[in-house]
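Scrolling down, you'll hit the structures one after another.
In the two complexes that follow, subunit A is the common piece, with subunit B as its partner first and subunit C second.
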Partner chain A sequence: MIEVKHLKKEFKIPVQKKGRFAAVRNLFSSEYTIKRAVDDISFCVGNGEIVGFIGKNGAGKSTTIKMLSGILKPSAGSVTVDGIRPFEQRMENARQIGVVFGQKTQLWWDVPLIESYRLLREIYRIDNITYQKNLERYIPMLGLEEVINKPVRQMSLGQRVKSDICAALLHDPKILFLDEPTIGVDVVSKKYLQDFISEVNREKGTTVLLTTHDMGDIEKLCSRVVVIDSGHLMYDGDLESMVQRFGAIRSLMVEFEESVEDFQVANAELVRSEGNRKWFSFHREKTTPMEILHFIVGRFPVHDIEVIEPDIEGIVRNLYESK
Partner chain B sequence: MRANSMSLRIGAAFLHSEFLNISVYRVSFWLNLVYTFLMMYSVGYVWRALYAANPDAAGVPLPNMVSYAVMGVALEAILHPRNGPQFYIMEQVRKGTIEMDILKPVDFQFYMFTKNMGGLAVRFLFLVLPSLITAYFLFSLKLPHFSALMGFALSLACSVVISFFLNFMLGLLSMVTMNIKNINWGYNAVLRFFSGQMVPLWIFPGMLRILGNILPFRCIYSIPASIYIGNYAGMDMLGALGVQGTWIILLWISSRLLMKKVFARVMIQGG
Partner chain C sequence: MRNIWLYGQFLRVAVLGKAQYKADFFVGIASVLVLNAVNLSLIGILVYNFDTLGNWGIWDLMFLYSFWMLSRGIYGVFFWHLSDLEEMIVSGNFDAYLVRPASPFLQFIGKEISYTGVGDFLVGVLGFLLAAAQLKLKWQAGEWVYFVICVLSGALIQMAVNWIGASLCFWTTRSHAAMSIVERFIVLMQQYPANIFGKYFQIFVTCFLPVAFINYYPSVVLLNKAEGGTSFWQYLSPVVSLVLLFVGALVWTRGVKRYAGTGN
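Entry: the complex of A and B
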């Protein structure tokens, strides 16, 4: 569905001069530095997949999405979206994709929501049956009944993002690009959005490429993740293998009958000590919880234990740091 | 035909949404109407006073001159640059949402045109027509002959298109410069002067008149208003319409080229 091959994007950034008359010299300057926002990225997204696209701020996620939606020209490499080259065939591509940028709206600011939808119906040439069917389905699912006659400028962020997602799906796009859709959205609206996205994906087979910083979104929606950092591809694969590979550091919490002095255990590190409890972290290939316990139980009276698996957030942090 | 019916439908949808827009900003709408009335009254008064002092002040009979001036004020309600698409484009550029407009599967210029025409039709119906009807009774304006009225309607349509192209190109500039408020202010000053909106071009002295005739701005106010008062009739009228038609073609080509260039820059540079 989406094929990205050796994709590169370079920006020319004018060099800001310093010192005397800098403002004037800047006006006539033709010096540039080249910033490589996306550097040799290749990945594929299959039909009907939901893929999480993660990375730090400025890692190149939005730049990649813009190239996939045809509003940025790749510097090198190739992109195809269902066989269409987005930049060269921007109109054809626009008709088959839906795009939501969490911080930007595609709706008209001053007119009631339903009016924006009517305009989109004309612009995307959506036939009446599809339009009505989609509205009747999506409005209750997203809880938009109460804002349908409100202009966007009066909406809360959560309402606006929900309205935008509905707008992006009215023309039954084959592919949905979601760029940080849940940023700043409250937990209840977030839940609505996650349920909605997975429902649409199941029902219509819409392929979804989702950028997010919210690991809840990833865990709930994505079976596969693509991680990029500083324009480079760091990881591409399913979520479980990522946990296996980068979630190597596990922790063990031990609660003792009474407070005990700090002590060392082979192949594990004491990371925290609080009242009767102590936390040890260890590499999953170097030792096991059983080995550590075996060492401890012979020496101190143990009341309770807990093995703590790394969360995705921690894994991603490891991944960024492992570079 | 398919493209035509689609453009009509998009146009109708924008007309509807612009109508709602204007009903949201009611206060500004009424202020606009009051402003138009006051301006019409004062230009009418000024020309009467001038003619009382010197009956040959403008080289045309007083009723014609008053009609010309009132028309200039009334048409300002639709042709003033503040009603053009450039402010929408500039706002979108500053908010960073212009990408969402470029992403839509419709030609950007066509999209801006239909959107602009929606607002224009609403302002024509609710500002221009009422003020002209009022002016008709206030100054006992003369209705022109049938042929002049037809010529005027056609010429007005041309001036709407020409002013759109000029405004649209200013809007494209805002994609490069981010802010066009000052440029637009300067443009408005030049436009008012060289379009004959305030003072008819035919009373300008030598060089200024020649310059005014070369520039496209006279197509916006001077030509339709001159046709209305019968200053351009017969072959003159056809000639004036020909000038407007030529400018439409020239500006259409140059705005397409500029759009291509600016888009290429934005899409390669990332805006």
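Entry: the complex of A and C
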């Protein structure tokens, strides 16, 4: 569905002049530095997949999304979205995609939400049956009944993002690009959004590419993740192998009946000690929780244990730091 | 055809949006009326002291001013928000226009209307009626048609000048300063006949920044103010407006392409 090959995007950043008439002199200035925002990235997204696109701020995620949605022209490499080159065939591409930028709205600020939707129906030439059907389906799913006659400027952030996502799906796009859809959104709205996205994906087979800093989104929605950093591809694969590969360090918490002296266990490291509890961290290939417990139980009375798996956030942090 | 229909749909939403702020609507129009009254009385004082400006009497000046107000009113209602482009590019909100299957220009132009233009237009109508009565204008159908066409041309010239100015921010990001200088310039000169400023100025506003075609030359033609008869190029407001629109479209198109290269 989406094919990205050796994609590059360079920005010429003009050297800003200072002092008198700076604006005028900047106009005629040809000095600039080159910043490579996306540097040789290749990946594919299959039909109906939900792919999480993650990376730090400024890693090149948004730039990539902008090239996929036809806003920016690639400096080198190729992009196709269902066979269409987004920049050269901007209009055709626009008809088959839906885009939501979590931090800005694409809706008309001062008019009731339903008026924005009516106008979008005209822009996308959505036939009446599809339009009505989608509205009737999506509005209750997102809990937008109360705000449908409210202007966007009076909405909370959560309501606004939900309204934006609904707007992006009215024309039944084949692909949905979501750029940080849950940023700043409260937990209840976040849950609505996650359920909604996964439901639409299941029902309509919509392919979704999602950038987020929220690891809850990734765990809930994405079977596959693409990680980029400083414009480079760091990882592309399913979520489980990422955990296997970069989440190799697990932990075991042991609570003893009474406080005990610190001690060493083979292939594990005592990382924390607090009251009757001790935490050991270990590599998943070097030892198992059972082996560690076996060693401990023979020596001290154990009250309780807990195995702690690494969270995605930690894994991603490992990934960034490992380069 | 489809674009005209779509533009109509955009305008419908723009009007609905404005209707949300009713108090603002009346205050806005009232303040424009006051502003114009002050402007007109300044010209009045000037003419009262000097009797005439060149060969322009007080009602000729009223005609000139009203002509400008009519065209500025039309321009203002539909295109006042051209200067918002800078803000849209800086904030990245312009992106939204590029992910929808419609012309970015149409979406930008259809984004808003301004009612301050209504105030200007009303002043224009009133001033024109007064001036026409005082000057005892007896126009044939041809003159009326030319008048209407020139008012529209004047609106389009102002639109095109601002369009070109606004589009510069695709290159410079900031274009507000340059645009407000041009705006000040237009406001200053449209109130007076261009010939009182001297020859070089007149050449400048005819050839380089052809804002004299907004109201000065149409008024020269319609009030028969040219010494030694009207020259053909003084009729050319409609042509000038089309040429400027063409340049505007060119600059805009190149600007949008450039935006795709640089982002914001």
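By definition in this document, the second predicted complex is superposed on the first by the 309 of 323 C-alpha atoms of A that agree within 3 Å, B and C clash if a C-alpha of one lies under 4 Å from a C-alpha of the other, contacts with A are read in each partner's own complex, and residues count from 1 in each chain.
Assume a contact is a pair of C-beta atoms (placed from the backbone, for glycine too) under 8 Å apart; a residue touches a chain by one contact, two chains touch by 3 or more.
Here the structure is a predicted model, which is why all the values come from computation and not from measurement.
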item: Joint occupancy of subunit A by subunit B and subunit C, clash or fit; value: clash
item: Contacts of A:Trp279 with subunit B and subunit C, given as first, second, both or neither; value: neither
item: Touching partner for A:Val99 - first (subunit B), second (subunit C), both, neither; value: both
item: Touched partner set for A:Phe295, first subunit B, second subunit C, both or neither; value: neither
item: Partner chain(s) touched by A:Phe256 [first = subunit B, second = subunit C, both, neither]; value: neither
item: Overlap of the subunit B and subunit C footprints on subunit A, listed as residue numbers; value: 11-12, 63, 66, 69-73, 87, 91-92, 94-95, 99, 101, 104, 106, 108, 110-111, 115-116, 118-119, 122-124, 151
item: Subunit A residues within the subunit C interface of the complex; value: 11-12, 23, 26-27, 63, 66, 69-73, 87, 90-92, 94-95, 97, 99, 101, 104, 106, 108-111, 115-116, 118-119, 122-124, 151
item: Subunit A partner contacts - residues on subunit C that touch it in the complex; value: 5-6, 9-10, 13, 16-18, 20-21, 91-93, 95-96, 98-102, 168, 171-172, 174, 177-178, 260-263
item: Residues of subunit B defined as touching subunit A within the complex; value: 6, 9-10, 13-14, 16-17, 20-21, 24, 95-97, 99-100, 102-106, 111, 264, 267-270
item: List of subunit A residues in touch with subunit B within their complex; value: 11-12, 37, 63, 66, 69-73, 87, 91-92, 94-95, 99, 101, 103-106, 108, 110-112, 115-116, 118-119, 121-125, 151
